[in-house]
């Protein structure tokens, strides 16, 4: 198997599994218990908090464990919007970008539906958010701005430090949330220096277990919780803690952070080889997303014109190669990716986009094999295709109804 | 170690761990992916849904996986309250009992704080909810009623079938939520026969992993979600699924359900032995909760007068015996249990309550050892105590301020 | 296993009758690259019978497989029989399609019907 | 490890000076069974010095341990010295207490001070 869908989810490292298993069997106590068999388990949670806090330049008390990136995003966005709006009802404006993950976009749509005023920032053809537009849009009634650290589909890294320092320079307080699910332990970050108030991360994207994530909540920032119950996570996120999950997440964080530079170097070299060879050996392709340093180390996203992404994906699957057509979350939908449309790709090219996302486990041999297999598959599908470079696309543009 | 805190959390069975591990390592795909490596993982989720649905008499489509009992309760309560109130703003009344778990009570307090009108039903001295009072309180504006299936502290089983059929007999639609976290795979339930609309369950109470639970949502009942994002769990609960957790939960459910009768028989016999021997060998004790069939098979809750619970707990811990003083969730608080106060125990006895909760793994030898160790510990603490049966409690009653 | 039946995967992997018919008697194109599917069906007609049929498709696996099976179903049928082919026929010949892909079977029957219409119109004009 | 220091656990496990002093010169009781803690401290006074001290406590481990350590601290002190014992002294002599249990160290110093007050009042009357 050649697994190139690491932006969707990753394989757990053996060291992480080994660390987790005892917390299923012998060490199964409830961390809320006052006896040692429970409070020892609680200590593991506090150590995990410490490890993750250090990686992002936070204080351990500023880390709240959640059930994943989606919950972290929801808690941050709904939590700060409700909290601030409750205190000052004039404050009702919130800002994000057009290329966020559905767990941000749909949360904004929810807030919009209950009366908040929302602006969605444009991005340029590389997918870089328009900071000048942001500066124009922020008002005294703006509660917060949410911008992802890097896009999950096209891998473009956003200028969050610039946005953070702009927001920090304002006279009125505008909070800053960053969805760092795709960059955590890949792009270094210091939440203090970047003036971030809320930062979302997820375990299963960094070779940790699924179903666990965290939210950094800057000291002094208070959120309306999504859920109510026991006193866990300072009542911001009640419920018996997913102990083995939290431990697995911190272990995976530790391993990934230690080798960050080495892993990035490895992935960047394979990423560049993949992009360069495809551009050289296959005609009519477009790289989606930024180039070089502004691109995530493990992301390659290419539109193969005149070919539909799902077909390409399934032909690759027959060769035991696993890639993605869009964000894994929306892969059951038929609409083309909102991210590719936002960077200005015509629909017919947006449909032909394939995302290859590497991990530290990806090898040169795997990339070479992919590069052997890919051109004949693209050729076969193009030979079969009813459109090509001579097709007059304008004749289709009128209808937008599905037949 | 003699572990008698199985209402707080349980040890995972080896079979469950064995079933989970492959979904950490080889089978790590994202269930939302369209290629087989992901969709095979999705199949595991659907099989798990099936298993759990069968146990409670539901349709698989009616099961939504969550991060635990707390989230299930929050999703049910906030979800139905918001959904119905949005459609008909006159509907603003909700009812629960005084003895619910904090994840229900604090969620009601939250709804109360944003304007819902709330009634908390009384219970009798056994902890049985007052159904006649419920009948008096229900109005045309009542949205739903939430009653736990069995109480987590004192083990009293509530007449939920009676409540369900009363609610179903009303002319106007009043929804029924049941927190079945403590009874799932211990007390048989059929959600259809009991006229239940929403039912919460949790994995880590039945020898499954922590951080996973489920909510039964009857076909046709729609809830406002707590979180927004991808299309997982029919958009009612987005986020990459905790695959190994869900599988572990269904595996644990299967095992527990298969042996339900056998396990109950075993636990009831040990439970009765424990209650009878304590009542016989230690003076001035009171059993908290109902007797016989109306008591959960694994729960023993006893107030040892003139002794404070935490001290007793820690003396037992020195003997490697683990018990609880109140609900694990609130065990860091100093206030006596709201449940023991609701059944009318005076504060000084409420402070001396110890909960022993058994599991299928509890042995006769363990119970015998406990019964040997307990009387001298109680005696030592009573000898040390500043109150006894001759103390005039009334002289204390005036002050209620903490010194 | 992905979401498709073995039959769909077989037709997707080894599509029958791919290509153009240079001297086609009728051609039908449906769909829209904006939606991600464009199908063209070419037919040769001899004595009121579809004697040859080919397709070209830009689209997902379901679009390709429905095009392929459609060519097999249509070949050798009279025009009247071919006009009666429904999307349900297409889907059932493929042992079913996932719900969100059912519109593809629509597309291929529409393309065939358009090709027949095109043949009739051309003949009238002659 | 539970939330308590080894020193707390030692005093909880082997409390010093448990019991009543039948012929006590001063007795102080504080706390409330409603809150879960009641402490009684008994003192014997000789030449303005606390010559003996005992306690009885209904309460949690912290309540028992603070009572126990208080008897050790107080014994042999002059009344004036004993009156100056603060809750901080008690907590630090136990190598600290969890935040939510700090009120227990309050209780034991209060109980001692009440016992001294009781001794003084009784003496005046005589």
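Think of it as A, B, C and D in the order they're written, each chain with its own count starting at 1.
Keep this in mind: contacts are C-beta pairs under 8 Å (C-beta built on N, C-alpha and C of every residue); 3 or more make two chains touch, one makes a residue touch a chain.
Computed from a prediction, not measured in an experiment: that's the story for all the values here.
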Query = Listed by label, which chains are in contact with chain B and with chain C?
reply = A
Task = Would you mind telling me which chain pair, A-C or A-D, is linked by more contacting C-beta pairs?
result = A-C
Ask   = Taking each chain's centre as the mean position of its Cα atoms, how many Å separate chain A from chain C?
value = 40
Request  = Just give me the whole-number Å value for how far the CA centre of chain C lies from that of chain D.
outcome  = 93
Inquiry  = Distance between chain A and chain B based on Cα centroids, please, to the nearest Å.
reply    = 35
Separation of chain A from chain D, taking each centre as the mean of its C-alpha atoms, in whole Å = 58
Query = What positions in chain D touch 2 or more of the other chains?
reply = 2
Query = Touching two or more other chains, which residues of chain A qualify?
reply = 34-36, 310, 314, 317, 332
Ask   = Which chain pairs here would you call touching?
value = A-B, A-C, A-D, B-C, B-D
Residues of chain B touching chain A in the complex = 1, 3, 5, 8-12, 14, 16-17, 20-21, 24-25, 28-30, 32-38, 67-71, 73-74, 101-103, 106-107, 109-110, 202, 204, 209-212, 226-232, 238-245, 310, 313-314, 317, 322, 324-325, 328-333
Interfacial residue positions of chain A with respect to chain D in the complex = 34-36, 39-40, 43
Ask   = Mind pulling up the chain B residues that touch chain D in the complex?
value = 306-308, 310-311, 314, 317-318, 332-334, 336, 347-348, 351, 383-387, 391, 393, 396-397, 399-400, 402-403
Ask   = Along chain C, where are the residues that touch chain A in the complex?
value = 2, 9, 12-13, 15, 18, 29-40, 55-61, 63-64, 100, 103, 106-107, 110
Query = Where on chain C does chain B make contact in their complex?
reply = 1-3
